[in-house]
Each structure stands twice: as structure tokens, then as C-alpha cells.
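Next come the structures, one after another.
You will see subunit A twice below: alongside subunit B first, and alongside subunit C after that.
Take a look at the complex of A and B:
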């Protein structure tokens, strides 16, 4: 098996396990929607403010809940499973790529659902052209978050305080993704051109992909 | 330890000279006495960038060579770098309050990216503290050290890439926007802070070596229990 079939097989197995466990669909997604509903209540139901902060709330919740998806239990390999994959000759870079593919698929679904819910609940005052940009930025952010989450998840595997520690690592490093996502929509509103912000997102995704592939072998050995 | 003490004495003397230069330079016409913070703020941030660069270098070298000295270098440099970042953030806020009228601007990319860099390296230290096994700790920290350094150029060039309240670089190829006396004070302090960085690094690496030397004794559970000897059993 060459690189891409290995990566696709790992992604397929990940998604199958996730479909059975259902942590993203049954826990993280409903929790994210509840969190979206909490914001208007916390803001005192002042509709003008609610409509203004909608996109910002979407990005903040997207990053925070995206980390939960990236660090989901079903994406954690036991040492025995790692050993088995190593013995079977699975390329560590293909393993990383597969993990990112499954994470990005789940994250994209989550972010798009969150975006639609936000549009419904917050009714943000955005120009028509901002919605496709917002959707495209959400996909690019999902890929970046999946890469970051996979890296942080591997680095913190097996630690008792894994979730808060990985979040502490991912949240600050996700800054270029938050800036790129929020500013691309802001650029449509200001009519100043979205290209630099979309390029920032693509560059961040590529840099993380290169880092992940280059560090794949030390990542595989991270628990030994 | 003697080497660390000599270096530390030298560093404190150098910092003393640097501060004397900063305190005796004429005050700026617009910024007044607050311009003296130029003697501390840019050197602190320069040291932070250097420290995190050294961490990335040590991390890469550990991944290649797998020897403890590179892990000790990376770990020590992060701790010193975090301290200098905190000093840079604090002095920047004091200066900002006096000159901009606000210590912090949430929309300023330089301020935000510097704060984020600070938290990333706090995460690095937290990661190290969470792992007991020295090899696992070194490997995971090295991976994070390589990834985390990507943001350092983003912090440095944020003033050029985005519209910010923070001014762009004061020293450029075509000259400087800082008066000569303050520029001299800044360079003297940069040199002094660099000596302080080296002194702190040497001291921290010495401590880490001592910790490594002590670690095997405490790491082996039950080592203090002596196994029964056959001849003693026979005597009974």
C-alpha cells in the first residue's frame, strides 16, 4: 500500500469508529449549539448587539469546540495499536495525514452546522457575498484546526491532564486561523479584498501540514 | 557553579552599565522620561526572539542527535525567554499607557501575537512539567519547540503585515528614527541583556544537569530495599 491509500484507509477507519461512538454528532455538536444559544441570553437579548457579535461568537466557539473534536477519544491510539501499525509498515506521515483528513471532515461538518445555526439564531447583518467567503474560510480553518489538534493530541497522548494541556497549546497557535477567518469576512464588509486573508489561511494550513509530515516519525514515537 | 557565578556577576555589571546609559540619555521631546524604557523593552523582546530561536535549534538538534544536552538547552532557553517576554509585555504596557493613553489594544496584532507567543511557551513549560519520563518529555517538547517557533516571525513582522498601533521597526537599512544617545543606550542594553541571557542559561543548564544526575536514584522504586543474601539466610 502506498502513501495515499494508507492515509485514506486510516481516515476511513477513524470516521467509522467515530460514527459508532458518535461523540461529535451526539455530544460536541449539541453542546456547541447550546453554547450559541447561551450568548444571546448572556447579552440580555439585545437584538442589535446579538446580530453584531454573531460572526465573532461563531469563530470563538468554532475554535473552542473544534479542539474537542480534534482531541476526541476515538482519535487516540493505544500504544498497542501504534505498535501494530508500525509492524504493518504504516507510514507515519500517512498516519498523520489520515488523522487530519478524518478530523477535517468532522470539523468541517461541525463548523458548517454551527454557521447555519448562528445564521438562524443571530441573524447577522452581512452582505450577500460574505456568506460564501465565511463558508470557504470555515473549511480552511477546519483543516488547520485538524492539523493543530492532531499534533497537540499526539504530543499530549497518555497524560492525565491531556485535554486542558492540549487546549493550552492549540488555542494560541490557532491565532493565524482566527485572524484569517474573521478578517476575510471583515474584508468583504469593508470591501478591501479577501485574498491576503485567504492566503494567510492557506499558508497556515500548508505550514502545519509540512510540520506534521516532517515530524511524523518523532510523533509516532512520542509515547515511547 | 563557579562559571555561572562569574557570568552572573559580569551580567549584572553589564546590565548596570546599560541602565546607566538609559537613565542618563536625554529624554525624548514627545515621550519624555518614558523614552528611557527603550533601554529595556526592545532588548527584552530581542532576547525573547533569540531565546525561542535557540529553543527551536535545540529541539531540532535533539530530534537529530537524541542527546540530553540539546534538550537541556531548549528547556532552559524557553524559561529564560518567557521571563524576557513578560518583561517586554510589562514595559510595553507601561510605555503604552503613557504614550498611547492605553496599556493594551485588543485589535493590535503585535500586542496580541506577543501575548499569544507568551502563552504558547507557557504551554511548552506545562507540557514538560506534565511528563516524568525524560526521553518522552524531551521528544514531545522537541516537537512542540519546532512547531511553536513558526509564530516568532509572525510576531516580528506583524507590524509590517497589519495596520497596528505599535510602530514599525525603528531601525531600518536606510537609518534609524531613534536619537543617537537613546540608540546607543538601546544597543548597550541589548549587549548587556544578551550577557544576562547567557548567564541565566548557563545557571539553568547547570541546575538541569544536577537534576539529571539525581534523577536515577529517586526514579527506581524499591532500590533502597536490599535483596536477601543466601549466606545470611544460611547463618540463621
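Take a look at the complex of A and C:
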């Protein structure tokens, strides 16, 4: 079996498992929306302030809850499953790619839903051209976070304190994604060029993809 | 194929502690070797060395005529079947979905899944989630995995523990089919009587050292 069919099969099964476990749809997403609703209430429904902070709140909550999706339990293999995959000849790079595909799909769905909810609740005063930029940036951030989460999951495989360690890896490395995402929309508002920020996001995604694919096999052998 | 497994002076340390010391083991085509030994003697580590999942720190390991540590092991690993202590099923998938997933990842025709389920007696439970199945049923699915992949080297690590008689018969049939195809088997258990019935010879592993006993 070649690389892509293996990657797509792993992504398909990941999404099936996630649909049945429901941690993203039934836990992370509702909590994210509730957290989004808390801000206007905390700000005393002062509409001008609510409208101003909307995009910032979206990025803060998106990254925070997005990390939970990136490090979700359903994307974790038991040692027995990793052995089985090795004996089936699964390419570790295909597994990384499959996990990123499923993670990015979930993350994109989550961020776009959060974005629409934010638009409804905060009614941010954005120029018309900012919305497509915001949506594109959300997709690029989703891909980057999925790559980071998968990479951190691989690095911390088999460790007893895996979850906090993985979070410590993801948080600092997510900074370029946070900066690129927030500044791309800011650039539209300031009427300056968005290209550097979008390029920062694309470069971050590509760098993480190359690192994930290149390190997949050495990491698998090292964590066995 | 002249050597299914050959270990020459193989040693393995895990976490700085020597687990296997100076192991010499040879499994020829058509042969089934039993490894007995108490808990903690290194049986599982030895199985994982034979499965190429752990590299030896000293000595030499040859599996399916290929020296482990030299190059890509993917094509060798595809010819190895392993049943370990814990089932490797995905709990949220049904038994049939688990088998289909294995078939797709291994590049095997998924239409063989139904036949494999019939052979292990789980055709009627095919749509049941693995989470809701007993340990014995999950073990039967692992046997069905191996019916799909048809390994040349079969490794059974306490695979018959906790199984009823009919499931044990499936394991015996599996061992015979691998042997009849000219493959080799290593069966690991702390139950020596089980090994004597199933294997050509039994060796004893004690404190990481292997001794021929019968």
C-alpha cells in the first residue's frame, strides 16, 4: 500500500472514532462557545468594547481550545496498535500525515464554527475584506495546530506525564501561528499588506509538515 | 528462506538494565519453538526482538534471512504476525471495521474480511463494537488479523491465556498453517504443558538467559 492510501485510511478511522467518542463535537465545541458568550456578559454588554475585542477573543479561545483538539485522546495509539501498524508496514510519515488531515479537519470545523458564533455575538466592526482573510487565516492556523499537536503527541509517546509535556511543546511553538493569524486581520484593518502574515502562516505550516514527515520514522524507532 | 529467526549472542538492555543476555536461538522453516519462563524473565522482550520491534544492543539478530539493523525493515515486518498480551483493537470500531482497517493498511483485499470472521466464529458479532466484546472475542479478531496477513513468522506471546478451548484450537490451527507453509513460530508462555503440546522443542528463559530444555 502506498503513502496516500495509508494516510487517508488513518484519517478516515480517526474521524470515525472521533465522531463516535464525540469529544470535539460534544465537549470542546460547546465549551468554546460558552466561553465566547462569557466575554460580552463580563464586559457589561458595552457594545463598542464588545465589538472591538471580538477578533482577539476568537483567537485566544481558538488557540486554547484548539490545543485540546490537537492533543485529543482519540488521536493516541496504544503501544499494541503502534506495533500492529509497524508490522502492517504502515509508513510512520503516512501516519503523521493521516493524523494531521483528521486533526486539521476537526480544527477547521471548530474554528469556523467559533468564528461564526463570534460574528453573531460580538458583531465586530471589520472592513468587508477582513472576513475572507480571517477565514483563510483560521484554516492555516488549524493546519499548523494539527501538525504541532501530532508532532508533540509523537515526541511524548510512551511518557507517563504525556499531556502536560505535549502542551508545553505546543504552546511556545504555536506563537508564529497566533501572531500570523491575528496580525493578518489587523493588517486589513490598518490597510497595510497582509502578505507577510499569510506567508508566515504558510511557512510555519510547511516547516511543521516537513519536520513531521522527516522525523516520523526516527521518532517511532526512538519511542519504541 | 533458510533462517526464520537466528539470534547469535543477542543482548538487550532496557532503561540501562540488561533484559536479555547472550541469547542464541534458531528457528528454521517449518519449526515451532516454545519459550517458557517465569514473569519478568524477558520473554516479551525476546518476542519483540524477533518481531524486529526492538534492536539488539550486542550480538546479531537475523529475521526472515535479513539482518535487523541493516536498512528498511518494512518488507520484513509485513511478513511477521504477533499476538501480544493486550489486544490491539480500536474500541470504538466494530469487529468488522477493525479487520477492514487492518486489511486496508496492509494492502490486503478487504473482501477477505467476511471469510476471516466466519473462520474465527464471529460472523454474527461482526457489527458489535470492540469495546463491548469480551477478551476472548478480541483475541479471536487478532487471530483473524493473522488469517488476513498470512505471516511467515508467527509470534505468540501468552496468546492462549484466558481463552476457551475452541479459541485455543484456532491458535493451534494457525500455528499449523504457518508451519505447513514453511514459516516458523515462536510460542511464549509461562505454562510449559501448553508449549509441549504445541511446539517442536521448548527452551527456558531465566533472568534473561536462554537454555535448551527439551
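Rule of thumb we're sticking to: the second predicted complex is superposed on the first by the 216 of 224 C-alpha atoms of A that agree within 3 Å, B and C clash if a C-alpha of one lies under 4 Å from a C-alpha of the other, contacts with A are read in each partner's own complex, and residues count from 1 in each chain.
One rule holds in what follows: a contact is a pair of C-beta atoms (placed from the backbone, for glycine too) under 8 Å apart; a residue touches a chain by one contact, two chains touch by 3 or more.
Bear in mind the structure is a predicted one, so any value in this text is a computation, not a measurement.
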item: Touched partner set for A:159, first subunit B, second subunit C, both or neither; value: first
item: First (subunit B), second (subunit C), both or neither touched by A:219; value: first
item: Contacts of A:28 with subunit B and subunit C, given as first, second, both or neither; value: neither
item: Overlapping contact positions on subunit A, where the subunit C interface meets the subunit B interface; value: 224
item: Complex contact set, residues of subunit A against subunit B; value: 151, 154-156, 159-161, 165, 168-169, 171-173, 175-176, 179, 207-208, 211, 215, 218-219, 221-224
item: In the complex with subunit C, residue positions of subunit A that touch it; value: 1, 5-6, 9-10, 13, 16-17, 20-21, 74, 78, 80-81, 83-91, 224
item: Sites on subunit C touched by subunit A in the complex; value: 48, 51, 53-54, 74-75, 77-78, 80-82, 84, 86-88, 90, 92-93, 97, 101-102, 104-107, 145, 149
item: Parts of subunit B lying in touch with subunit A, wherever the complex brings them together; value: 63, 109, 112-113, 116-117, 119-120, 122-124, 126-127, 130-131, 135-136, 139-140, 142-144, 146-148, 150-151, 154
